[in-house]
Amino acid sequence: MHRADYVIKRGFFALVTVFVAITINFFLFRVLPGSAVTDLSRVPHATPQLRRALTVEFGLDRPKWEQYLLYLRNLLHGNMGISFAYQQPVSHLLIADLKNTIPMVTVGTFASIVVGVVSGVLSAQRRGSVPDHISTNIAIFAYAFPTQWLGLMLLILFAGILPAGGMENQFLLTPEPFWQHLGDITTHMILPAATLMLTAYGSFTLVVRSSMLETMGEDYVLTARAKGLSDRLIVWRHAVRNALLPMVTLIALSLGYIVGGALLIEVIFSWPGIGLGMFTAIGQRDYPMLQGGFLILTFSVILLNFIADLVYFRLDPRISE
Amino acid sequence: MSLQVADPQAAGAGRRAGFLLDVLRERKAAVIGLSIIVFFIVLSLVAPYISPHSATAQTCAVYAPPSLHHWLGCDDGGIDMLSEIMQGGRISLLVGFAATLVAMVIGGGVGIGSGYFGGWLDALLMRITDYLLVIPDLVFMMVIADVWGASLFHVIMVIGILEWTTTARIIRAQVLSVRERVYIKRTKGLGASNARIIWRHILPQVGPLLIANTVLTVAIAIYLETALAFLGLEDPSVTTWGTILEHAFNRTAVSSGAWWAIVPDGFVIALVIVGCFLFGQAIEDALNPRLKVSHFSMRRWQLRPLVGRGPGAI
Amino acid sequence: MSLLEVNGLHVWFDLPGGRQVHAVNGVSFSLDAGQRFGLVGESGCGKTTTILALMGLLPPTASVAGEVLIGGKSILAGGEDTVRRYRWREIAMVFQSAMNALNPVKRVGWQITEPMVYHGIAKGAEARKRAGDLLEMVGIPAAAGERYPHEFSGGMRQRAAIAMALACQPKILLADEPTTALDVMVQAQILELLTGLCDELGLAMVLVTHDLPVVAHLCERAAVMYAGEVVENGPVTDLYHAARHPYTRLLFAATPDLYGEDRVTSIKGAPPRLDREIQGCPFRPRCDVPLSRCEVEHPVLRTAGPDHQAACHRNEAVDVA
């Protein structure tokens, strides 16, 4: 049926994009001149044994197309190489980092969506009024300030009140009980997540507002009013429900931006996530880590885009045509 | 009543300059945005002549707070903040415009080629843009900038190479709708070359939308430049708005309480981006007028008391 | 006491710059149960605004004077918040284009049950059953309620909109150009449907249209509006064959007769602007038989026959008190 077709089509698209990303990755790091991975003399602390092992593992003495296939095969097994700096499998390190990034980014993104939708809807309802102008302009500015600047501002404002860095208290002598540990992480998460919320909500507000203005001009809103429904139902059940469709698309498009923002935030707040991992890898010239980080982040965005496609599909019954 | 979406061709057709002037006249936001952009361009041009102090040599104490001599205080190297910001703007704007130029050229080429020639070329190019759109910008740029090395040129190229996709789509859409027009077919029938058709007929139609897109791309480019600089992927010897923030962060401006090394810089970046956004968005809105009617409002209609009755009642 | 009574209804709209448009100027008429009343005129004559005003469905730029009485109760006297209580329950509306009047993301059956549930008339399975019955009554299989509006054809959507309007068993049905957007065959069916429903359910109906044959087919009485005023009202046969206002006469003459040999005539000129006071008769510039009085004296509705009134100086009869 139509619905299955759509899912398959989007799924296929996601897979192909993954494949393209992998190929670009390979091209960047292996094919381009000056590629660090091929030039083993750039591996820090490289012993001859290590070089020999790496050459075998990545097939560096074979023709490029063979390397490519080897690369694909390795990836299929989850093998993204060994970190130059830590001498451990990249995938293990990055997964551990990812586990730290996900909660912070989820909380921040969720907050930005909620704030964006609510402020967008309220603005649209009061179009042209002073609160509308204020809210819209604040949103534009929040979006325009560089993410790192917002993070630094929060640091300046809340230094001393909230933890200024890290994910948890590093100086404890004995391990904390679970709930206290959770609370510790949560207080450390407040500033980074708040920064993410501030940097992302602006675009949501603007899109929700303009989408609402368009929706409120639709005849079915007049029908809802004619039925004698309350303001709240007219706005939320009829107008917002339709206005949210472009919002889902926007969230999907913003994922790249959110990932970039999260990266900067992790650097500022020393949040031990995948962004900080990649940043450190730059300084350490740890190219396998960089590659792996790029792949994982790209995979995540592709996956989330696919999920957004499904959500949109679920929300809009007209899609299956 | 149906929703009217203005045909961008109709809006831009043959009166490019006139259209922009209309937008400026009718929309305050456009004027504000353009003024901001022009202000900063002019500021960058005259900066070396009006900077109160050197932007490279030390003229005060490390992290000296704002004072009469140094309105915005000094940074970690004892360099006057105000001068740094004024001159840093030159490079930031340069990077912004140059990267946008690269993006426009690539995007324009892809869009025109794709829309005009159609067929497998179109399908292929559009697939490529679809895929590139999904890949996260900053992460990708980080990887590329790191592999190629940190330099201003690389930053410009990297931003340009990744930001052309929206331009390509816009131009392609315009080309597609213009291509079908009768007069194009006639011109072709008369033997005009493809290049001539593109240059004389298609490009002018695309004008205002392209300008809007350019301006918005400049905003993105400036934003990305600051991010790349912050991550240490730009030539550290060059002063840009981005490197100012990077220095402040890496040289403990926060713990030193030197807010003046952070706050003003962020403001000028935000101002330029807001200016670009206001101007670009105003043009896009003008090309796509929306119905003003709304069937819902928080405000209510009014009752007037009936004075008198019968035919003379008001 | 009539079921629906409109007395001296006026509607003004604010214009930017402080002026106002006098869109509806002293409209009065009344209806009893089971009667069908037509409101005809050119686009912009104020007929749509009039029936929207009957339900209080006006934008915030509107000011209203006059009375709308349903069963003797003045429903507009308390403003938007009190007129809501009457909406859909006493008086309901079928809009011009059901494509847009139905919410695209909600199932049709749900849109019919929504007002039932909201106004406390029925809920759950009972409501769904009633919705199914209503759909059957308008000629749609009850199971179609599970579908979305975009899955219906134009004619089916309009039927569904009629079913939806009847959801809370109103006494008065307003129809705004219900068949304009449909093709001729479907038009006839919808009109038959409306006639049948009115007879069966004893509904009073006000039908707004610019399509004169529709009025002739459906309504016993009608009012002709011009420049926001009622210029003639009475039995439809009188309007057709014994019009006492030049506009009515020209209007009905302008309708091409499929079988006759009359030349198609049109009325030269355009309606007057409504943002300023009109001197004399508003139709004077386009009238084919003006008197000198018509320049300076604004005509009022006078009796021109049994249950027949016209606002023209050429009628010598008693003033309507």
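When the chains are written out, they are named A, B and C in that same order, and each has its own residue count from 1.
Just so we're on the same page, a contact is a pair of C-beta atoms (placed from the backbone, for glycine too) under 8 Å apart; a residue touches a chain by one contact, two chains touch by 3 or more.
Keep in mind it's a predicted model, so treat the numbers as computed, not measured.
J.: What's the contact topology between the chains, one of line, ring, star, complete, other?
T.: complete
J.: Which pairing of chains gives the most C-beta pairs in contact?
T.: A-B
J.: Which chain is most central here if centres come from C-alpha coordinates alone?
T.: Minimum centroid-to-centroid distance belongs to B.
J.: Report the chain whose CA-based centre is farthest from the CA-based centre of chain C.
T.: Centroid comparison gives A as the farthest chain from chain C.
J.: In angstrom, rounded to a whole number, how far apart do the mean CA points of chain A and chain B lie?
T.: Centre separation, chain A to chain B: 23 Å.
J.: When the C-alpha atoms of chain B and chain C are each averaged to a single point, how far apart are the two points in Å?
T.: 50
J.: Suppose each chain is reduced to the average of its Cα coordinates; what separation in Å results between chain A and chain C?
T.: Taking the mean C-alpha position of each chain, the two centres sit 54 Å apart.
J.: On chain A, where are the residues touching two or more other chains?
T.: Residue numbers touching two or more other chains: 218-219, 222, 225.
J.: Considering chain B alone, which of its residues make contact with at least two other chains?
T.: Correct list: 293-295, 297.
J.: Where on chain C is chain B touching in the complex?
T.: Going by the criterion above, the answer is residues 8, 10, 12, 26, 56, 58-67, 76-77, 79-81, 300-301, 319-321.
J.: Residue numbers of chain B touching chain C in their complex, please.
T.: Going by the criterion above, the answer is residues 293-295, 297, 299-306, 309-311, 313-314.
J.: What does chain A use to touch chain C in their complex?
T.: Within the complex, chain A touches chain C at residues 218-220, 222-230, 233, 238, 241-242, 315-318, 321.
J.: Of all residues in chain B, which touch chain A in the complex?
T.: Checking each residue of chain B against chain A gives 3, 130-131, 133-140, 142-144, 146-148, 219, 223, 226-227, 230-233, 242, 245, 248-249, 253-255, 259, 262-263, 265-266, 269-271, 273-274, 277-278, 290-298.
J.: Okay, in this complex, where on chain A does chain B touch?
T.: 13, 16-17, 20-21, 24, 28-29, 32, 34-36, 125-127, 140-141, 144-150, 152-153, 155-156, 159, 164, 210, 213-214, 216-219, 221-222, 225, 231, 234-235, 239, 253, 255-257, 259-260, 263-264, 267-268, 278-279, 282-283, 287, 290-291, 293-294, 297-298, 301-302, 305
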